[in-house]
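Both complexes below contain subunit A, partnered by subunit B and then by subunit C.
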Partner chain A sequence: MIKHRFLLTLMLIFSFPFFLEAEDYRAILEKADALASYLDSDFSAEYTIVHEKSGSGRETTVSAVFRRDSDYKYTIIVAEPSINRGQGYLKLKDTLWFYDPESRRFNFTSSKERFQNSNARNSDFTRSTLAQDYDVLSASRTTLGTFNCWLLDLEANNDEVTYPKMKIWVSDDYLVRKTEDYSLSGQLLRTTAIPSYQVLEGRFIPRAVYFFEALVDEKTVISIAKPSFRAIPDTVFTKTFLEKSGQ
Partner chain B sequence: MKKLFTPFAILIFLLSPLAGQDNDIDSLFSDAEDVPAEDAADVPSQSGDIDSLFSDGENASGDGQANQDQTAQNSPSLLDSLINKESFHFGASFDVTVGYSPGWEISPEPEFSDSALMFLSSKLTLDATVNDSFRFLQSYNVAFPAFEPKVSEFFADFDFGDLVYFRMGRQNLTWGISRYYKFTNLHARLPQDFGYTYELNSTTGTHIIDSTTDTYSRVVIDSADTITDTDSYSIKMDIPIGIGGFQGLMLTRNGYFSDASTPAADELGWGGYFNLALPWADMTIGGFYHKDLNLRGFFSAQTTLFKRLELYTEAVVSYDQGMDDLLPLIDDEPDENDQYVHEADPDSLDFGANIGFYIDFLDGMLEFSGEYYYNGEETELEPLGTKLGMSLVWGHNLAGGFALNLLDKTLKIEAYTLYNISENTGVAAPVITWKGFGFLELKAGFLFVYGSEEGTYTRENPDPSSLDRNYSLVLQAKVSGKI
Partner chain C sequence: MKSHKRAFLGFRYFRGHLRRFLFLILAISFGFALITVMTSLSRGMYGNVSRAARNHYGGELFVLGYHKQYGMLGMVESDAAVQRAVDALPQAPSRWLKRSLLFSDGFVYFAGNGSRQKYVYGVDFPREADLFPRSPGPEDSRAIILSAVTAGQLGARIGDDVVLKVRTKTGQINTGNFIVRDIIEDDSIFGSYKCFVDRRELNALLGLESDSYFSLGLFFDKAGTANAMAPILQKALEKELAVAPLAADKDDFAYSQSEHWTGVRHFVMTLDLYVSQVGDLLRAMDLVSYFLYIMVSLIVLVSISVTYRLIIHERSSEIGTMRAMGFQRGEIIAVLLWEALFVFLISLFTGSLLSLLILKALSLFSFGNIPGIEIFLDKGRLVPLFKAEDILLNIFLLLFILFPALLGPAYKASRLRAAAINQ
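On to the complex of A and B.
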């Protein structure tokens, strides 16, 4: 009898993922989105981006990031390096305006592009919409270092996203710890890791985000400092602000 | 006033380092620079090792749940520290270009040469924020061989409670979208007396252009009378509305006014636009008036399809308020000066429009752009900043280009062309640029015109000699730096 209970317990443990339906997996994504988005307040922080590429050395970019996730907006002002100082990005939903202080012109561009030639995409700076953009194909339990995680296989349900397929590791506290981004053919393109978070006013902010390109020897680290949830004036999210902040 | 400015600018630059020790805005980010250096050192060398990042969290508790949490403090306003802090910033850049160009020399001024290139340029910039509502910027260039300081920008910014923003002084302004034909950059249009004029082909003396039976010839003004310094001075007012907003502009430039210190009211140009920036499109409508120019209005719109394909269109309407527009008779042979004969344009309204695209692949490794432009305007077709220094040509135009960025974007192979269908005339420029060695840039380009020998691009190519050579080879090495 005891042996049977033990076996039953083991079966329950190992079959635990199968008791969850697709809707439950979606709930995991929704909770992960909620923790990575700041819908009830503005957010600002200083992002330091170190990009390393084999043979090209290390490039450091320092930017001020202002987010208003509730309106799908962000503004980024580049402070360093000096050659790019004053460049600015203004994103509204899927549309991105880029301001170049040299030419004093705005470019109207896609948010799929790389940010300052690093491995980060312009879409990496905005609110998370995993549950909205992806369907869960499969799920399993796994460990990632010291973390117990859900490993979810995702496939995009629209063609507006940057990557059509993803694998995502979500720890039991619903924080995204790692992602693998794939092409439509299943080719691994990029791996992202978020080993630790900082907590401010009960909300989670990555301390550092690591990006690895799979096809070339490139990596990028984004360190996030000086976080704040204070209100940001509306004018920060205007072209005039980019022009004023640029040289 | 202009003479006083140069010693003032030099004085400012000499004195400013004394005060710059405590006010450099770059110091705002000095703390942050230590963070990535440590993090980058800890980054696994290969993506396969990335899981090691999760093995030894700072506060590992063994249950795998708490090692991520570190309480942070709400930081002082980034906005105040980035934008509003009293500070000033110095910038400096230096270019040295050497090379050989048997043909056109595009920079600094289009002309034909068969000599070695030697060009040195230095730019100094002072950008000072006095408080959250007031800031000023000045920058000036010194270039070899003239060595005469030239003020490239000199303006002040101030605003009233984030409602209205003003920028006044000498500033770079660009309206419009097109990569090739900047016909909607209305304030950059120049009236005919900036470099050339039209003479009546008769001896009847004073004449009012009102007859379609008279003809005129385009004549370049003597160099002594030509206005080469077309710097502008302006007051710009921006009122943010949504992401875009309204911009008002009052502008004048050298050549419009006779007394530099006191331009008269009727020597000023007036204009403005309204920009509606939506998530799916960016639209602008505006206009510009100056008494020596045709009155013009413009419209532009751009959007991005499939998150990749940028589409744009622009249109301009021009009203000949002086009734002095002339129409080139392109069906006739050019005159003895190789110029088309002109006659009065009976239409007071002209129209121009374009449609174009830009798309890139493989993270910008491969870029394509193209544009169709119909130009129904006959006059004031030499706006500042046109591609290859070429004027806008009446009729149907096509433009296109591609760029291939290789070796981590250090090697760029590009080519572009402008072609006028109506006159069967075109200009093209394949260029190879290599930036693989620090501050050194090597460039090789071959510029040439093609098509009808009577076409505008051939007739107006920069070769001033009678040979009228229609090509140019540029080989140059450029060393540049900026801080």
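On to the complex of A and C.
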């Protein structure tokens, strides 16, 4: 009898993913989105971006990031290195501007482009919309280090996303721990790892995000410091703010 | 006196006074050699750029299809309509090539290295076998041909597997695995970061229909035909497709491209328009050459005039004797002009030899390391191109300088009296 119960338990554990429907997987993504987005308040922090390229050494960029996820807005001001000081990004819904204080001009840029030539993309700084942008093709249970995770295979349902295919590891606390980004044909392009989160006012913020390019010997680490959920003035999300910051 | 006797007499006098004419011949030869070298090199440079451009763009006259919503990606909307327009041309093209193109948005990766490509071409390798020495077969759909610069940056060699990353027509990242079948050396302006893959493979990666193409390039046997056919092709296409007005220059073309349209808009483009900036540069070089030539010519003209006056002065007793023997003024001028003609012919010959020697000497050196000049070179070397119209123009200029410079002293000499014998 005990033996049968044991077998039944094992079967339940291993067949667990098959009991979940696509809608349940979407719920996992929605919960992961909710934890990675800050919809009920503004968010600001200092991002230190260290980019290492084989043969070219290490480049460090320090930026102030201001997010208003509820309005799909962000402003990023580059503080270091001195040669790029004053450069800035302003995202207002679907439009992303890049400001160069040298030319004092704003240029359109894309969320899919690299941020300051690092392995982070401009889309990595905005709110998470995985559930909205991707369909879950398959799911399985797995372990990632010490974390028990859902491993979800995702495929984009629109052309606006940076990567058309993804694999995503979501731990049982619905925090994204790792992603793999793929091309349309299934070539691995980038691996992202978020091993630990800091908690502030009950919300989760990554301590560091690691990006590893698959096709070139490059990696980037973004360390997030001085996080804050205090309200940010509306003027921060304007072109005038970028111009003033660039002076 | 009959003219052949004047010519014979002129030749005898020329031979007799050859030492006196040496400086004159040297000055004229140098001037002629200088302009011949400059114009032939200028033509050679333009020829190199044109040839490289013809290979790079794959034609001399083009039909291009731009889809505004797909950014720089393009496709011709109706192959049948384009074929009808081409068939209706009064001069049939000797050859045509269809190509797809991804502009500035392709990357090739190998062994942890990446290389951004200015041009990723989708070509039909069997049709372009003459452009690619080791052209892959029709069944070799995974073949890629890299420029030497790209291969060097990647550290890739023939036989290596590389990944080509592109953006589809809707902006998604797509990749394909290819095998390097050849690495092409191209020192031209177009030779830097580019690669060639099978057109259908590239179309699949870009999300385009398998047989679609961005450009139809037409080749003609006779030079200049492409420019003559462009307006005819444009008019014929206009009847069936959305076609931009024929651009007069690159600014016109850029303006047409900046206009708003939906779907595909076609452009008829000539190779000369593609390389118009290089053509302008070389035309400026030609102007500088001719300015220098005119400067040299003026110096030569003054030298000829002075030298000839001196020669005539030294020969005044001889000319006086001729007058005393009954030579008329016109006959004296004719004999002196015959002498000048021999000076001209010898100068032409020695000037041509000198120019060939200079060009040969220049061809021994590689100029590929000089920044900016490599686009005009053929494998790092200056290659001259002799055009009949240039040579005729240079000869005419030489005649134009030489004979007016001689006429004055010859006329004065003809007015010498027999009394000059005693001077």
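The working rule: the second predicted complex is superposed on the first by the 247 of 247 C-alpha atoms of A that agree within 3 Å, B and C clash if a C-alpha of one lies under 4 Å from a C-alpha of the other, contacts with A are read in each partner's own complex, and residues count from 1 in each chain.
Definition applied: a residue touches a chain if its C-beta (ideal position, glycine included) is under 8 Å from a C-beta of that chain, and two chains touch if they have at least 3 such contacts.
Predicted model only: the values in this text are computed from it and were never measured.
Trainee: On subunit A, which partner's contacts cover more residues, subunit B's or subunit C's?
Mentor: B
Trainee: Output check: A:164 vs subunit B and subunit C. Expected answer is one of first, second, both, neither. What do you get?
Mentor: In the superposition, A:164 contacts subunit C only.
Trainee: Scan A:185 for contacts with subunit B and subunit C and give back first, second, both or neither.
Mentor: In the superposition, A:185 contacts subunit C only.
Trainee: Once the complexes are superposed, what residues of subunit A are shared between the subunit B interface and the subunit C interface?
Mentor: Residues common to the subunit A contacts of subunit C and of subunit B are 112, 159-160, listed in rising order.
Trainee: Which subunit C residues qualify as touching subunit A in the complex?
Mentor: So the residues of subunit C touching subunit A come out as 107, 109, 112-114, 163, 165, 168, 170-177, 205.
Trainee: Note which residues of subunit A are touching subunit B in the complex, please.
Mentor: 44-46, 48-50, 52-53, 55-56, 58, 60, 62, 64, 66, 72, 77, 79-80, 82-83, 85, 90, 92-95, 97, 103-105, 108-114, 117, 143-148, 159-160, 171-173, 175, 177-178, 191, 193, 195-201, 204-205, 207-208, 210, 212-214, 219, 221, 223, 225-230, 232-241, 243-245, 247
Trainee: Applying the document's contact rule, which stretches of subunit B touch subunit A when the two form their complex?
Mentor: 25-26, 28-29, 31-33, 35-37, 39-40, 43, 46-47, 50-58, 60, 62, 64-65, 67-79, 82-83, 89, 91, 125, 127, 135, 137, 157, 159, 162, 165, 171-174, 177, 238, 240, 242-245, 275, 277-280, 282, 302-304, 306-308, 310, 312, 363-364, 408-409, 482-483
Trainee: How about subunit A: which of its residues touch subunit C in the complex?
Mentor: 54, 112, 156, 159-160, 162-164, 183-185, 187, 189, 215-217
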